[in-house]
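Below you'll find a set of structures to go through.
Consider the two complexes below, in which chain A is the common component and chain B and chain C are the respective partners.
Showing the complex of A and B:
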């Protein structure tokens, strides 16, 4: 049987970051706990944080479950993570600058040309164009899992528009409101500067033609999008307008938004829509979401788009395998964070191995997300495994496989009391003129006993994530 | 601010006011129906549907106007875009879109109304008294209004909200009066009769203005006094002049803040000027119905100009 690393207890002892939480946990009367849980839920509903799940129907105002038991890192643990995260974010950006430029890494034979240039996410429309400060991915969300005291693995990179940061901020607000004593007793580093830092990052990549204070906006697909709350939340915190495609138009060499006082020029667009929907003239002609002509303005330095169109080629699950190689190639350093060993079903040898070991592996679609369309071998029935085998054989190139990781657990409030549940971590690294990371991130927790799937669409919840000051 | 945001704010206010009116209309109807029947003349409930402009939609769905069905149609029916449920849902949806242009208290007021509405929809109708429903709507409309007044920044968004409120309210006062005068009364012979006076009183009651009216005028209820109260008296919170002055005030503030005057300001000032200089006698001479029809038209034109000048996104 697999032994999971418990972040609170090791060899029967409480690990240092959780020392002060033990008392808190043990002395909390269960009625008090239920009262606080209800209070938290009321707060979330009141603020309006909800998460609508694609394709599931039901209540669009569903709440994502919030677990009050915090997840804690020591300053020392975090310092190492921070170095690793920043290193990876730098390498990913260097890779993007390279593949839309001279393609040195391909020429050097360190990554197959096919994976890059024939990738669906590779945008030919931006080849040769260098965005301001050479940055392509301005917000890099790196999904991490832990398997031991010093063992962290990167599960995947998100270079386009990683979501969830509003939960990081709101979880903290709610914890501080409900348990002020915890924050007096523990020295917890604040995360609330995230929005200022994001604003600074976006302003630092204002386009060439922008003089003076750049006008920043967030571009959302609209209020039916499941992350709409987050878009409006960030716009509010940064004090910038939240626009839809219909609010923007191109005239001459600039982009403008339609305001009650007439057109106003926009310099930086933090877009939360996919590449395909940015500009119907350049990408999908049937898209109602985008702004016709936007890409021309972008390529002539009239506006910055964050993340840059085409940034998705770096976070593809097949390209993922080569990120450690990128770190060595561009930075001349050894990667601080490890990749999970990954088998490409598109390769004959790998496929053979994967099909043999299917009951032990996790298999994912290359372009899938949100925990859909994946197989967790050890948690599946023989039937499920066999039907997945058929799917893989139909289109092997569409799948990758990884060993089932022994994800760490942290104590979590459940119906019966407190029990260990599996967690992951998504920190949000900001890349502009400088590279920046707030001490914290979003911890997702698989609330079902034994489950390893933390996605909110599959019954996952969230926790406040603490980094202690040294 | 973004034109789309201004548009959303404007419609939040219009929808909340419209829900409030729908509830008041229901109250008028239920009170009038307590009167001995108007002897085979046109049904009072039917005239309510006429007033709210939903008669066709209702006839299509339900046929004969039966009180219970009318209550459902005006309160709960999502097929009726002017029902209380439709209006509150639309107001809350608009608020969700511009969540960041509102304070948490305003959002809270709108969201609470919506969440409670969903509970009401799940409650068996036999447990819901009509008076409880109408009270509920008026209470929430007042809460939204109060939250806006107490917490919102006095910026352009505040002006757009208020323009929406006043425009909708003026339009509805005119419509309610028109129903009474033109539709409700079975024939001209009844003018000045007990039935006539009872209907006027009911109308005042629905507008929450019965006592205010007596304080202001005293004595008998007459059509002329009521017309003065609901059209020309600037003390009356629902009079046409109060509403037009409200729109005019907030349009002037916008013009000042933006340093730009549009055709909307000119139109509002012209309507206000007419109301300030006319008399009840002049209105009666023109014919109350004719006057009100003209006002409703002018008010709609003003709405169009506001849309073109600020909300459409084609401002240059």
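Showing the complex of A and C:
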């Protein structure tokens, strides 16, 4: 029987960051709790935050359950995480700069050429182009899990357009509104500077041809997109325009947005659309989405696109295996955050091992997301395992496998009271002229008893995440 | 050889369009095989956009035209001094890694017949011989006949038909080369057709295959040769659509009609 680390307790004692919450938890009358839970739900409904996290699909109007029991880190724990996250974000950007430039890491034989140059996410149009400040991925979402007091693992990196940060901000907002006392009793580091810091990061990568205060916009696919709420929320907080492709046009050397006062030049585009829909002249000639000519403006220094098209080559599950190697290769440092050991089913030896140990492993599709199309060996029936075995054998290169991690738990409100439930964490690291991280992130929680899958499409919820001041 | 080019592309719309944006790969780069002496592009009512050299070494420039407009003319005029390098692309500055050109596109997807054709390379002593054999096999398999294929015809379709134009020859060669793990790409350019020559199409296309030790080597199955001093190279891509010298989008419901004339002449020495 696996023993899971409960972040609130160690050796039968309450761990220091949770000391004040113990009282709160023990003295809360159950009617009060139910009232507060209903209040939280009403608040979420009112602000309209009902989208699926991380583009998982599903019912866009479904409310993701919010758990009121916060997840807490000490300042010291966070300091180490922060160093590790920033280190990883720097290495990922160094990798992108390298593979779109000289490709030293491939020449040095530290990563197979095939994984880079034949990767679908690798964009020829970006080769040889150096974006402002040499940054390709400006918002890096790094998914972390914890297995012990000092053991953290990176589950995956998100270098394109990681979503969910609006939950981090709203969870905090709602907790502060409902439990102001908690925020007086605990010294919790604020996260509400995120939007200012995001704005500063985007402004710092204004293009060469921009003089003066850069005009920033958020480019969204539109209101039918599951994360549209987040796009408009961030635009509001930053005080920038939210635009769709049809609101932008290219003329001469620049991109303009249509406004009621006439065209206005745009300098930085924080795009929340996929590469394929940026510019039909460059990527998808059949697509009417996107802005014709945008890539030419980008490549001639007239506008910045965040993240850079092609940034996704750094974050697929096969490239993930090599991130610790990137840290050593580019930074000359040892990785502070560990990867989960990963077997590539495309390799004969790995495949053999994976097929032998299938009941113990988690198997994922290389390009999959959202917890779909994966096998959690220990939680599956023999029949499910066998049918997955057939799938792997059909296309081994499409699968990776990892050990089933003993994800930490945190106390969570459930129907019967309070019980431990498994959690993960996604912090949002900002990379511009400087590298920046707000103390916090989005904690997802698997609300089903025993479940290790935190995805909202599989019954996951969210929590406020606290980092205490030292 | 000193070649002059006069290339006019006229777009007409049956009703006025609100605006047009184009991305041009219409300016040759200089390398050992060709030196650009003079070159100019005029776009009627056009506003020049940013220009840059892409990772594949091509000169790219965008243009925009403010509507309403019913006709746009793109005129390219210039002179290039060329030398014969037996098809080898020498001194061409580029950063894209050859391995990238192993990637398939819809136009170059394999089928059974292409696979059979690719067997022509079997038993070759070296990659260069394999490349030559593949190019010869394509020339044998597809007769030159204009009008039977269209811009969207794929390699597999052209091979099934057994006829086509330079674009089809290039697509088929690229498909089977990639299948044999030889990086291959599509090249667009101009070709000088002399009086007695059997060269086709002044606006021409061929393929380049990556040969270790030599680098990129051009093959023109349509003319059963490697590009020489009669060829002017404009730019490259994964396939015809990616390498297109002019890509454009018009805003508005107008139906577009295209009219192209290309003249490539040998300049008086």
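Rule of thumb we're sticking to: the second predicted complex is superposed on the first by the 461 of 470 C-alpha atoms of A that agree within 3 Å, B and C clash if a C-alpha of one lies under 4 Å from a C-alpha of the other, contacts with A are read in each partner's own complex, and residues count from 1 in each chain.
Keep this in mind: contacts are C-beta pairs under 8 Å (C-beta built on N, C-alpha and C of every residue); 3 or more make two chains touch, one makes a residue touch a chain.
Because the structure is predicted, anything quoted here is derived from the model rather than measured.
Undergrad: Could you check whether chain B and chain C clash or fit when both are placed on chain A?
TA: Aligned on chain A, chain C fits beside chain B.
Undergrad: By the touch definition at the top of the document, which applies to A:223: first (chain B), second (chain C), both, or neither?
TA: A:223: touches chain B, not chain C.
Undergrad: Thinking of the overlay built on chain A, is A:387 touched by chain B (first), by chain C (second), by both, or by neither?
TA: neither
Undergrad: Quick check for you: in the superposed arrangement, does A:34 touch first (chain B), second (chain C), both or neither?
TA: Touch partners of A:34: none, neither chain B nor chain C.
Undergrad: Just to be sure I read the superposition right, which of the two partners does A:193 touch: chain B = first, chain C = second, or both, or neither?
TA: Neither partner.
Undergrad: What's your read, chain B or chain C touching more residues of chain A?
TA: Comparing touch counts on chain A for chain B and chain C gives C.
Undergrad: Quick check for you: in the superposed arrangement, does A:118 touch first (chain B), second (chain C), both or neither?
TA: Only chain C; A:118 stays clear of chain B.
Undergrad: Quick check for you: in the superposed arrangement, does A:257 touch first (chain B), second (chain C), both or neither?
TA: first
Undergrad: Which partner does A:297 reach: the first (chain B), the second (chain C), both, or neither?
TA: second
Undergrad: Between chain B (first) and chain C (second), which does A:76 come into contact with in this model arrangement: first, second, both, or neither?
TA: After superposing on A, A:76 lies clear of both chain B and chain C.
Undergrad: Would you give the minimum C-alpha distance from chain B to chain C, in Å, for the three-chain superposition?
TA: Minimum over all C-alpha pairs: 9 Å.
Undergrad: Would you pull the chain B residues touching chain A in the complex into a rising list?
TA: 1-6, 93, 96-97, 99-100, 104, 107-108, 111, 156, 160, 254, 258, 260, 310-311, 313-316
Undergrad: In the complex formed with chain C, which residues of chain A make contact?
TA: Residue list for chain A touching chain C: 100-103, 106, 113-114, 117-118, 122, 124-129, 249-253, 280-282, 285, 292-293, 295-297, 299-302.
Undergrad: Per the contact definition, I'd like the list of chain C residues that touch chain A in the complex.
TA: Going through chain C, the ones touching chain A are 19, 21-23, 47-56, 60-62, 64, 66, 94-97, 99-100, 102-103, 238, 241, 247-249, 251.
Undergrad: Taking the touch rule as given, give the residues of chain A at its contact with chain B in the complex, in rising order.
TA: 46-48, 223, 228-229, 232-233, 235-236, 241-244, 246-247, 257-263
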